[in-house]
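Structure below; questions to follow.
Chain lettering (A, B and C) follows the sequence in which the chains are written, and residue indices restart at 1 in each chain.
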């Protein structure tokens, strides 16, 4: 509906809109949509990250994808849904909190829209909850390899008031991956001292 | 207390203040207070919608009612509390999320304060969580009948970062009701594909 | 890391940074850090209060402490952690909600940074959830003793959208304590009418 599209702030050029929406997890869906827009003739229209009581310390997600063609958008949503489980692979949680890592050798429109990642360059996310864990992980990551910090986010800025601290990093793909892996190691160690062994629910992909 | 009233931003003209406050549900309380201010010599002073871990994807509520007379305000609070269960009648939930519809043939001060509804006209709320469900419901509603969209709200605007998308609609009472009912149908269908049969805890009133 | 410190908005004068971070409770940690900075040569750099699904109606916390000397900062974190349980002493909860009181005869940098408390004067916090309880408690407190209201906070201002209303008060130490105790009495009474007897998990210290 054109009036609704206007109220939603959507560009009138999109004939079709797809929606990826979840109670739990924002970054996995962003990464999955990143794959989807690489694979299809579509664009990322908006990325929103709600608070939700299913999200623990973190976010849910509402991502809209636009295209001129219904079949393109439908395909993009299919690709995104298929890619989502993989992107949960480097989220480790126990009762005390959770840590979350993402990595791509080549960021596309979703990472750019959501996290300010330069398009075409390697991008990494290092995130921990409660937020204090994320601060230590961020410090460890940037000391482990020569990467650019795109931004730092914490409860009062760059998150939806969530109990997380995180950095978005960019740079050489090997360096970004090394930084993310160093953060994962310290994050698992920190969470382990506060509770049971942190587990991921899908195989690690980084 | 006058100093507290000033810090709370209350107009000094109110001799008495009543409070309707809940862990769960914002729109039912708003609709109930709408009935209350129609029935009494009181005004709606403020409507706030907190995040709360009891609210699932949505909001709690803090609504203040003001009046010159203590008995008027007390009566308004009584009317609001009595009307609240009815207003939960068109909230359907399962483990995957929930949908929420409200309707009045004649909006009053609470709907106006909270949602921008034109006073004296029909008002409808169409809301779904997770937010993606609300987007589809909104599109269905505005295609089902000729209504005015007052506003669209989503996690990053018009909500308290909640995992909901919604529209507030106004217009001819028959059209508003028809749009709301069409949204309810598609919303129940969408939720059903994601989990158990969605249930309402009070009888539907729309 | 200097780049990370810059992105975090930290003053470069701090050679060492300590972090106090929790899923549950903001004011206890603030009060505990207040004791810590009184006892050590450190400063409070920032206080953030995330929403978290472990926090019920309220907040978690992320507090950073800065100092020129690593051992000072480490000592401050140790003092803060040791003092935290005591500061949970006047939080009473049942299934319906919770109330939270804090008091110090002499506020220091953490109370100042987090709540605007004048340094060196008595400070008190009166807070209730759901927010309606906090409104009544606040009114009772300021009628019980001659205190200054530093500020009033509710879901839409001065909190992270939490379902709480609170006042921060200052003044003569006897008056602040008396106001806080009066609020505690009415708060326990209100919560009791809505559910089981409210309990504190540590001994009351006020």
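The rule is short, and it goes like this: a contact is a pair of C-beta atoms (placed from the backbone, for glycine too) under 8 Å apart; a residue touches a chain by one contact, two chains touch by 3 or more.
Keep in mind that what you see is a predicted model, and the values were worked out from it rather than measured.
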Shared interface numbering between chain C and chain B [over half = same, under half = different]: different
Rotational angle, Cα trace of chain A fitted to chain C, multiple of 5°: 120
Averaged-CA centre spacing for the pair chain C and chain B, given as whole angstrom: 32
Contacts with two or more other chains, residues of chain B listed in rising order: 51, 53-54, 160-161
Residues of chain C defined as touching chain A within the complex: 1, 3-4, 7-8, 19-23, 48-54, 60, 62, 64, 160-161
Complex contacts: residues of chain A adjacent to chain C: 51, 53-57, 96-97, 130-133, 135-136, 138-139, 142-143, 149, 151-152, 154-156, 159-165, 167
